[in-house]
Amino acid sequence: MKKIMLLLCLFTLLGSQYAMSQRKTKYRAIYQLNSDDDKVIRNTLRNIKNALEDPRLQGKVTIELVAHGGGVTAYKKDQPYESLLQELQDKGVLLVECENTLRERKISKEELFPFIHYTPSGNGELIIKQKEGWSYIHP
Amino acid sequence: MKKIMLLLCLFTLLGSQYAMSQRKTKYRAIYQLNSDDDKVIRNTLRNIKNALEDPRLQGKVTIELVAHGGGVTAYKKDQPYESLLQELQDKGVLLVECENTLRERKISKEELFPFIHYTPSGNGELIIKQKEGWSYIHP
Amino acid sequence: MKKIMLLLCLFTLLGSQYAMSQRKTKYRAIYQLNSDDDKVIRNTLRNIKNALEDPRLQGKVTIELVAHGGGVTAYKKDQPYESLLQELQDKGVLLVECENTLRERKISKEELFPFIHYTPSGNGELIIKQKEGWSYIHP
């Protein structure tokens, strides 16, 4: 009986401490891109770079960029953002496109860079990730 | 003595598990609309619809749309958004207007659709709901 | 042995309750300003004022405004926002500028009002504060 109680206590304590350490050591941020405006696209990509290089976050932040609506423009092969995207991807940024947008705008995945990932809906992704503790930024 | 300790343990464990189950089963999102631009209004309403239909969220998400500033346009009877709003409301979306905006723009509640709800300030609502764990989306 | 177990239990319980009380009593919000558009700047400052005056938040909310990109305009001595900023600062709002932006735009701190604070990157600040439980608003 005592053993069970002790195990229960330890289990609970360790659980809380693990959760707390997770919360302290790792930052995660999800960026939204829903504009096809060249200035907004470039600002968003530069903002992500700045966040990665912030001395308080270096090596401690995971970033995902979710494009939906007009934001799909940034991921298209016929657009001039490949090297900027590649640079972010090399630093571990996950580049994600909304599949609803592809359907609505009749764009095939072949038109996007091969290193793009997909999510059923960009908005669902933003909701789910925030629920999991990710910070959200709308540039 | 042992009984008290055991109860304390169980209470703590159950508490954590209840909190964890709450966190897993239910998503809540608050959308902000502060523009009178027709494209932004329609995009916002479509984004909400897409989130409701995301296979990962279906039947598991509660959504509130808070309009303030120019966003009040979406709720006015003399504007063309009634059927789009009604469709969202039928799916459980709470449509909320900022009372500060009504005062600042001298708009009476009679000018808005009867199914609109009110909050003292749209910004306060966004702050409070995030604090309660709601995800936030600025379309 | 029993004493240790009891202490473990109490420690865990008190920890959870402290965390819960913290979460309930205090609202914190970080606003982002990344536009040099006069209307956006004035809307942002007015939105913050409205949040401070929301009856649900009065005396219970801490607000920080982070400017980056074009948002630096709001803090420049040669711009017309001094009295609006001063009013917010008198109410306890922390006014913060991104140092990356100053470097990128070759702006010196002497060009900004003396009551402005600084952060290595505006985006890093938005990520870190949300992680610490602050609500985020993009006006």
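For reference, chains read A, B and C in written order, and residue numbers begin at 1 within each chain.
Going forward, a residue touches a chain if its C-beta (ideal position, glycine included) is under 8 Å from a C-beta of that chain, and two chains touch if they have at least 3 such contacts.
This one's a predicted model, so the numbers in the text were calculated from it and none came from an experiment.
Minimum number of contact steps separating chain B from chain C: 1. As for how the two copies chain A and chain B face one another, under half of their interface residue numbers coincide. Averaged C-alpha coordinates give centres for chain A and chain B that are 22 Å from one another. Residue positions 2, 5, 9, 12, 16, 136, 138 of chain C are each in touch with at least two other chains. Chain B meets chain C in the complex at residues 1-2, 5, 8-9, 11-12, 15-16, 32, 34, 68-69, 98, 100, 120-124, 126-128, 130-131, 136, 138. Here chain A touches chain C in the complex through residues 2, 5-6, 9-10, 12-13, 16, 23, 27, 29, 43, 47-48, 50-51, 53-57, 61, 133, 135-139, going by the rule given at the top.
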